[in-house]
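Before anything else, here is the set of structures, which you'll find just below.
Next, two complexes with chain A in common: one pairs it with chain B, the other with chain C.
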Partner chain A sequence: MAGIAVLLKQVPDTTARISVSEGRVDESAITSWVTSPYDEYALEVAIQHKEASGASITAITLGPPRADKVLKDAAALGVENLVRVWDDSWESLDSSQVQHALSTVLEGIDADWIYCGKQSADRNQGSTGPGVAERLGLACIVEISDADVSGDSPSFTRSSSTGSERLSPATPILLTFTKTETELRRPNVRGIMMAKKAQIEIVSADIGDAQVQVVSHNPPAEKPEGKKFEGADSVPEVVGLLRDEAKVI
Partner chain B sequence: MDITIIAETRGGGLHPVTAQLVGAASSLGASPTVVCPGGAGGEEACGIAGVGKVLAVTGDCFATYDGGAWAEALDAVAGGDIVIGAATTSGRDICSRIAARRGVSIIQDVTALSPGLNVTHPIYSGKAMQDLTVSGNCVLTLRANTFPPAPSGGSAQLSTVQQSGDVRLAVAEAFARASERLDVADADIIISGGRGMGHPDNFSHLYEVADVIGAAVGASRAAVDTWEEISHSMQVGQTGKTVNPSLYIAVGISGAIQHLAGMRTSKYIVAINKDPEAPIFKVADYGIVSTWEEAIPVLKEELSKLA
Partner chain C sequence: MAYEGVDFYDIESELSDEEKMVRDMARDWVSEEIVPNIEQACHDGVFPDEWRVALGDMGVLGMALDGYGCAGMSYVAYGLVCQELERGDSGVRSFASVQGSLAMYPIHDFGSEEQKQKYLPKMASGEWVGCFGLTEPDYGSNPGDMITKAVDEGDHYLLNGAKMWITNGTIADVAIVWAKLDGVIRGFIVEKDDPGFSAPEMTGKHSLKASVTSELVFQDCRIPKDRILPHVEGLKGPFSCLNNARYGICWGAVGAAQSCFHSAKEYALSRIQFGNPIAAFQLVQNKLAWMLREITKGQLLALNLGRKKDAGTWTAEQISLAKMNNVDMALEIARMARDIHGANGILDEYPIMRHMANLESVKTYEGTHDIHNLILGRHITGIQSFTREL
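For the complex of A and B:
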C-alpha cells in the first residue's frame, strides 16, 4: 500500500536565546537543536496513522549533518525510512529552492499522505507545505488542529471563519499541522536501540537558482524603557495614560 | 512596478489589512490591481486611494476554502511582477501556492519593504530580524497592523471576472464556534493570563475586562500546558499565535522568551505582575507591580467608566 511521508525540520530549541554576530544569527552559540514543534505533532499523527493502517513512514529532512538527529529521533518512535536531503555546496536556500528539492525527493517516494508542521520554528514562514503541494499537484489542508486516523477514512479538522470544519480528503494529500490536543509519545528503550542502527539515506537534489539573498540579520529593535508603577492604586493612572498618551482605548 | 494584491476578505467584505497592503504597494510607487476572491469587497476596494483597478473574481470554487483551487483561479487572472497578500492562514496558503505556480520565491510575514526590492521579516518568532534582497519577481505576505493603510477616496474601476479552480477538498462536517468570542489573531486589544492566574476559573475575571473593551483573551504557554480548560487556540507565543495588537495586557505572565517572541511587537504593552523582577516588565510600556486579584477589579471599573 502507498505509504506516509513526514517532513521534519531541525530548529534551535524554542527556549534558546538567539544572538546576532557580524550580521548573522550565531548558530554556533545554539547548544540545543530539536525537531520543530509543529512537525512533532505532524509526526505523532503520522505514527498513529501508520499504526492503524500498516503503512510505512518515510521521514525526510533537509539540512546539514546535525539534522540526522531529528531522523534518529523519529526512528526511535518507529519511523522506518530516513532520508536527509543535503549538498555541501548549499548554504541559505530560499523558499523556492527548498520546495524544489523536497518535491523532487517526494516524487521518488510512494507516499499518498504527506505530513508536515504548519511552519518551522526558525523561519516561521509556512510556505513549504502548500508550496510543495502545488509543485506536486496535490491538495493540501493547512493548520490541522485535530485528526482521527483510526479508521479507513481518516479525517482532519481545521478552523474556519465560523468555527471549525472536518474534512475527509481523497489521496494523495498534503497535511500541515498546528499544535493538536494529542499527547506526544516518547521513545521506549527498544525504539532507542533500533534508532541507533537505523540507516539514513543522504540524497542531493536540484534546487534551481537563488532568487533571494540574505543581506543581514539584526537583533529586534529594543523598546525604550517603559513606566513602572507600584500597586493596584496605580491602575487608574495607567488607564488614563492608555487613553491620553497611547490613545489605544 | 506591476503589483497585484490578493484582497483579504472577512464576512463578505474586506478585512482592514487590505488597505494596509495597498498602502505598502503605493510606497513602492505602484498603483496595484486588487483581486477579490469570490468577488467579496470589490466595491469597497475601488474606494481605497491608490488602487489602479479591482478584479472581482467569481467562481464556484470560492464557495468553500480550498487553497489550491483559490490559488489556481486567482493566479489565472492576476498579472503582476509582485503579488502581495496578507500573512493570515489563508493568505499564507494561497500566496505560497501562487509563488510555486510561478516558480518564484515567497517571503512571508514581511514587516518592512523598500524599492530594490528590500524586504525585512522576523525570524525565530521575532528574536531576530532578517533583511533580504529579491532579484526578479516574487510573492510577499505582509504582517497586519505594520504598514499604514491607504486612505479612502479612491475611484478605481471594478471588473468582474468569471474564473474557478479545481476543488479537491470537501467539507464533511462543519461545527459552529462554541463561543462568540474574538480570536487573539483578529483582535486589536488582547488581555492574556499566565500561570500567575492561579486557577483556570480565574480567567473569568479576564473575560469580564475583555467584554468591557471588546478584547480577546489570550494565554501563555505555561497556562495552556498546565490547565486543559485553557485552549491552545488562545496561546500567544512561539508555539502559539504571533499577535500584533494595538494594546496587549499581560496578567500574571512572567515573560518567558517563548511568550515575548509572540507579542513583543504589540504597539502598547501593559504588564500586571506581583514580581517586580518579572522579565515581562522589560517589554512593558506600562508596568504595574501588583497581584491580579487587586489590580483587575480596578482595571475593570476604570475601563467601564470610559465605555
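For the complex of A and C:
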C-alpha cells in the first residue's frame, strides 16, 4: 500500500534562551535543538498508522546537518526512511521556499498520507502544511486533535470550545496536528541501536525565489521592574492591584 | 528548561549520537517519572512496579550484553544510563545494576545455552527480576569464607545457608546464589518458588528507602542439577559481576553528585541573606567551585574507564579507583550541598539528604571504600593486606 510521510522540523528547545546578535537570532548560541512539539504528535499518529496498516513511513526534514537528529530520533521510534532536504548554498529560506522544496521532494515519494504539526515552535506561522498541500494539489485538514488510524478507514477529530467534528478523508491528503490526547511513546535502547544503522538520504530541491526578506529580529522588550510590597498591611493593596490592574484574580 | 547536566569539559563532544540518545532517553524518563515521585516512594519504602516495567520497556536492563533480548550497546552508554538513574535516586540505579550486572551478566557469561535462553530475554524485558546473593551476615568484605553450602544429592543440589543485604531479593523471580560445593565457590540459579527458599525483606533502613533489600534464606533448598552455572568456579565468578556493577556505580555517583550540585546552585542563587544571594559570598562560591571540580574529574574518570571497558583494556584496580573516588566525591558533595541549603537541606523538598543517605550505602556496597583502598594498596606495593596471622 502507499506509504506515510511525516514532516519534522528541528527547532530550538522550547525553553532555550534565544539571543539576538546584529539583528539576527544567533543560532550558534542555541545549545539544545529538538523536534517541534506538534510534529511529535504527527509522528506518533504516523507510527500508530504504520503499526495498524503495515505501511512504511518516510520522515522528511529540511535543515542543516544538525537536523539529522530529528530523523535519528524518529528512526529510534520505528521510522524506516529518512530524508533530509538541504543544499549548502541555502541560508535562510522563506516559507514559500520551504513549501516549494518539501513539495518537490514529496512528489517523488509514494505517500497517501502526509502528516505534520500545525505550526512550528520557532516561527509559529502555520504555513508549511497548507502550503505544501496547495502546491501538491491535495486536500488539507488542519488542527487535528485526535486520530483513529486502527482500521481501514482512518478518521480524525478536530475539536474546539464549541464542539468537535470527526472526519474521514479520501487520500492522498495532508493533515496537520495540534496536541492530541495520545501519549507520545519513548524510544528504547533497541530502537536507538536500529537508528544507529539507519541511513539518511540527503537531497537538494528547487526552492524558487524568495518572497519575503527578514529585515531584522529583535528580542522582546524587557519587563518593567517588579513592585515590592512588605508587611501584612500591604495585603489589601496587593489584592486590589492583582484584581484591578493585573486582572489575575 | 530541560535538565542539561554538568558538562564543564564538553563531555558531550566525546559521545556518539547513540550514546547521547540513550542518555537523553534515560534523562527524560528520570525527570518525568522519578524526580516527581521519588520522595513518596521513599516515604512508602517501595520500589514502584511501574518503574520495573518502564526500565524493561526502555531496554536498559542488561543493555551492554549481546543477544538474548539484550541490546549490546557500549559500556559508555550503559554508564550514562546509570548516571541519569542515580541522578533520580541510587535505589533506581541499584535496581538496574543488580538486574543487569549482577544477575543477567553471570548467566550471560557463565551460564549454559539453555540457561541463557530461559532467563535472559525475560530479565531484559523486566518481566523477571533478578538478585545476587554473595554477602552473608558474617561475611561481607570476606566472601571467600562464606558458609552457604551446596551438596550434590545425585539428581539435585541441596542448598543451606543465608545471604544478607540483597537488593531486589523479596521481589526477585531469580536469584544468583554463590555457595560452596565441595569447598569450591559455585554459582546457582535459584527460582523464587524453589522449596526451602525464602526472601524476607529487611526493614528499618534510613538509606536506599525506595529499594527492596532482603535476606535470602536456604533451608534444605532443592535445586535441579541444571541450575548450576557451568562455566565458572571460585571467587572469579562473583568478582567479575561486582566489577561490572562497580563500573555502573562510578557513573551513577556522578549523577547523584550532579543532582546535589544543581540543587545547591539553584538554592544559592535564590536564597537572600544580608541583602544578597548567598551565591555572591566567596565561601559559597568556593564550595560550588569545589563541587564542579570534583564532578568534572569524576566524569572524565568514568568516561575514560568506559572507553577502556568497551576496548577490553580495563583492570579491576582501575574500576576500584573510580568507584571509590566517585562515590567519595558524591558523598562529600551531598554533605556540602546540605551545608549550602542550610536548615532547608534536611527537608524532602530538596534531594540532598536522600542522596546523602543513599550514598552512605553506596560507599559500602560493592566493595567498601576501604577494601578498594586495599586493592590499590596491593597494586602499588605488591603486598596483599587482606589476610594476615595475628
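Just so we're on the same page, the second predicted complex is superposed on the first by the 219 of 249 C-alpha atoms of A that agree within 3 Å, B and C clash if a C-alpha of one lies under 4 Å from a C-alpha of the other, contacts with A are read in each partner's own complex, and residues count from 1 in each chain.
One rule holds for everything that comes next: a contact is a pair of C-beta atoms (placed from the backbone, for glycine too) under 8 Å apart; a residue touches a chain by one contact, two chains touch by 3 or more.
No experiment lies behind these values; they were computed from the predicted model shown.
Enquirer: On the A-aligned overlay, A:S32 touches which partner chain: chain B = first, chain C = second, or both, or neither?
Expert: In the superposition, A:S32 touches chain C alone.
Enquirer: Identify the partner contact of A:K72: answer first if only chain B is touched, second if only chain C is, both if each is, neither if none is.
Expert: Once the two structures are laid over each other on A, A:K72 reaches chain C alone.
Enquirer: I'd like to know which partner A:I109 touches here: chain B for first, chain C for second, both or neither.
Expert: A:I109 sits against neither chain B nor chain C.
Enquirer: Looking at A:I200, would you say it contacts chain B, chain C, both, or neither? Reply first, second, both or neither.
Expert: Neither partner.
Enquirer: Is it chain B or chain C that touches the larger share of residues in chain A?
Expert: Looking at chain B versus chain C, the one contacting more residues of chain A is B.
Enquirer: Have a look at where A:D13 lands relative to chain B and chain C in the superposition and call it first, second, both or neither.
Expert: A:D13 sits against chain C, while chain B stays out of touch.
Enquirer: Would you sort A:A52 into first (chain B), second (chain C), both or neither based on which partner it touches?
Expert: Neither chain B nor chain C is touched by A:A52.
Enquirer: Can A:N188 be said to touch chain B (first), chain C (second), both, or neither?
Expert: A:N188 sits against chain C, while chain B stays out of touch.
Enquirer: Can you pull the chain A residues that chain B and chain C both touch?
Expert: Touching chain B and chain C on chain A: residues 15.
Enquirer: Flag every residue of chain A that touches chain B in the complex, lowest number first.
Expert: 12, 14-15, 17-18, 20, 25, 37-38, 94-96, 99, 121-135, 138-143, 145, 155, 159-170, 178-179, 181, 208, 211-220, 223, 226-236, 238-239, 241-243, 246, 248-249
Enquirer: What part of chain C is in contact with chain A in the complex they form?
Expert: That would be residues 1-2, 4, 17-18, 21-22, 25, 28-29, 57-60, 63, 71-73, 77 of chain C.
Enquirer: Which of the residues in chain A end up touching chain C in this complex?
Expert: 13, 15-16, 31-32, 69, 72-73, 76, 186-193, 195-196
Enquirer: Sort out for me which residues of chain B touch chain A in the complex.
Expert: Chain B reaches chain A through residues 10-11, 65-68, 71, 89, 92-94, 96-97, 99-101, 103-109, 118, 122-136, 138, 168-178, 189, 213, 232-233, 235, 238-240, 242, 246-247, 256-258, 264-265, 267-270, 276, 281, 283-291, 294-295, 298-299, 302-303, 306.
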